[in-house]
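The block underneath contains the structure these notes are about, expressed in structure tokens.
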Amino acid sequence: MAKGPRISAAVRKRAAQIKVLLMDVDGTMTDGGVTLLSQSDEIALEIKTFDAHDGQGLTLAHTAGLRTGCITGRQSSALLRRAREMNMEFIYMKQPLKMPAYEEIIRNTGLSDSAVAYVGDDLPDLPLMRRAGLAVAVGNAVLEVKHAAHYITEALAGHGAIRETVELILKSKGIWDEMIGKARA
Amino acid sequence: MAKGPRISAAVRKRAAQIKVLLMDVDGTMTDGGVTLLSQSDEIALEIKTFDAHDGQGLTLAHTAGLRTGCITGRQSSALLRRAREMNMEFIYMKQPLKMPAYEEIIRNTGLSDSAVAYVGDDLPDLPLMRRAGLAVAVGNAVLEVKHAAHYITEALAGHGAIRETVELILKSKGIWDEMIGKARA
Amino acid sequence: MAKGPRISAAVRKRAAQIKVLLMDVDGTMTDGGVTLLSQSDEIALEIKTFDAHDGQGLTLAHTAGLRTGCITGRQSSALLRRAREMNMEFIYMKQPLKMPAYEEIIRNTGLSDSAVAYVGDDLPDLPLMRRAGLAVAVGNAVLEVKHAAHYITEALAGHGAIRETVELILKSKGIWDEMIGKARA
Amino acid sequence: MAKGPRISAAVRKRAAQIKVLLMDVDGTMTDGGVTLLSQSDEIALEIKTFDAHDGQGLTLAHTAGLRTGCITGRQSSALLRRAREMNMEFIYMKQPLKMPAYEEIIRNTGLSDSAVAYVGDDLPDLPLMRRAGLAVAVGNAVLEVKHAAHYITEALAGHGAIRETVELILKSKGIWDEMIGKARA
């Protein structure tokens, strides 16, 4: 519980109400690296690097009954494969504006903003962070996003920021300890 | 505005005049990693890793009316794809000497050196840094390049150095705050 | 022998008995990056980054007569190639629970738990760490795994944690110095 | 010349005599990451990440008349392409023992050990470091290699260690400043 003391009661209260965990992809689930492989013929394929600890966190979140998803401006089969491995329910790609996706999720789940957490790192995430019940900025988010966040992760993007968010939520709900034994590789 | 105080009035004055933002690629838009994928047959394909925060910065620069471009000694479809995603107007590849490309841009735009910013990290960038109205060295540039710069970014190459430069220019022009709401994923 | 003093006699005693060195893969042999290359057609290929110092350590371990292996939830030809390059005898992939693989190794080798070392970083590794004679957590393991470990490496996963473990074992056996001259590139 | 004072006169004297600069690859020209891309069919392709500053250094070394080369246990077209881009004259791959390659270079060039510099990071490099006139360990070399070195770079492998070595040699010869203007992208 080394990180416990730094989390305010107000943040814990917000986190305890979360039923849906949404997030940006580049710079949030990844370290922000946009990697492209040159093919011989003017085409470049996208490579994405996700984090194993984040993945374990998202899998545990799913096991615990949290619904998860991502909203991003880019599109790649790398993300699609990883999101499916993590049992993500909501996968929105090619979204220059993220609010329509957010509102569709709210509509389809019948939940209120207070039940939604959103993790982001850059300016396009700001509108959703102002709506979500729990707005989380990754440790290396831009200044404007940190200012809009209820919680800033110690971990950097692509290096545990999502895991830290999942633990914050499950610990605030008081169900983290019982999840430990349910972890699968 | 955490970074405001460290920027001199002289640098702000230079930055406010910029209409074209040019930059090196390897070690400036990337972290300097030159990554090659071995194919079975003596061929190796080039992989490049760009930064999402830099990308958001370049997209905002374009929205704000700045014209952007890159000049590099290498050639790859990875760079070509990324440069197009960022709406770069000037893309010069395979340039062992960078001055001819720089002068062609000056000629075609009809602008003077004072309207051009150039971001670099290594010795081949020196001639352009001595010409450009705003010469920027990335945080991990070699010593000679740092000495030739008007401004050295706090951020490292491939980790926000371009974003920091865009913010420097748009803030010096007094138009950063109005750009925030125009960000798209 | 700069690292010698920090290692307790109890840990050295455990390490001296090891005949089989087992380990997790993602976040233990790698830095935890799960990298996927998007193919044109909804498929993404897995890329894994191992560490050259770890590789040299595993090769020396093999030369010294240690038997080595890995147990992981994922599957990739990248791991398969690397494990073979390192002369790993036990390669268990697609293991959501790791205990069956562990017990099969115990059964087939006829060894007791005290002859087995296991290196891990995350929750699915916990059951094996509680069984193994020497439980090692990589320097950036999650808190629960560090608590379950007899030894925590100074090195981070994918940056020498396995090498440090091999040196711990071979030095505790008093055979490290004679292995140095047997290193091959 | 920020790094000047830390370099002893003895090291400068050794460096001034160098005519051939040889080096290891993994963990010396790269950061030690051994990256493999899984193909569908049990095959994995090797990816290597080199450093742009190192590349500029090696190109300048060639321009200055230094002969360069690498000796490694692995084999990849990635290395082959990079070595050729850097105008390396000696490219020895698949060398479990490195001494035969070293001695062939000595024989073919007719030079003595005192004219050869060797940069390495791990145990297989030790025999060559004991022979070479200038033995350089990268900043993150293993302890045994650091102990065998005349000079340890401040820079880490894959992040400027080769560039630092080239500058050490060319500055010791008093020809660095005249090389700056000869840099090409």
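A few notes on this one:
The first chain written gets the first letter, and so on, giving A, B, C and D; residue counts start at 1 in each chain.
Simple rule for what comes next: a contact is a pair of C-beta atoms (placed from the backbone, for glycine too) under 8 Å apart; a residue touches a chain by one contact, two chains touch by 3 or more.
Everything quoted here is computed from the prediction, not taken from an experiment.
Because subunit C and subunit D carry the same sequence, their contact can be compared by residue number, and under half of the numbers here are used by both. Simply put, subunit A must spin 90° to overlay its Cα atoms on subunit B, rounded in steps of 5. Centre-to-centre spacing of subunit C and subunit D amounts to 30 Å, using the average Cα coordinate of each chain.
Separation between the centroids of subunit B and subunit C, computed from CA atoms only, is 42 Å. Residue positions 37, 47 of subunit C each touch two or more of the other chains. The full set of touching chain pairs reads A-B, A-C, B-D, C-D.
Within the complex formed with subunit C, the subunit D residues making contact are 24, 26-27, 30, 32-44, 47, 71-74, 95-98, 121-126, 142-144.
Partner subunit D is touched in their complex by these residues of subunit C: 2, 37, 45-53, 55-56, 60, 76-78, 80-82, 158-159, 163, 180, 183-185.
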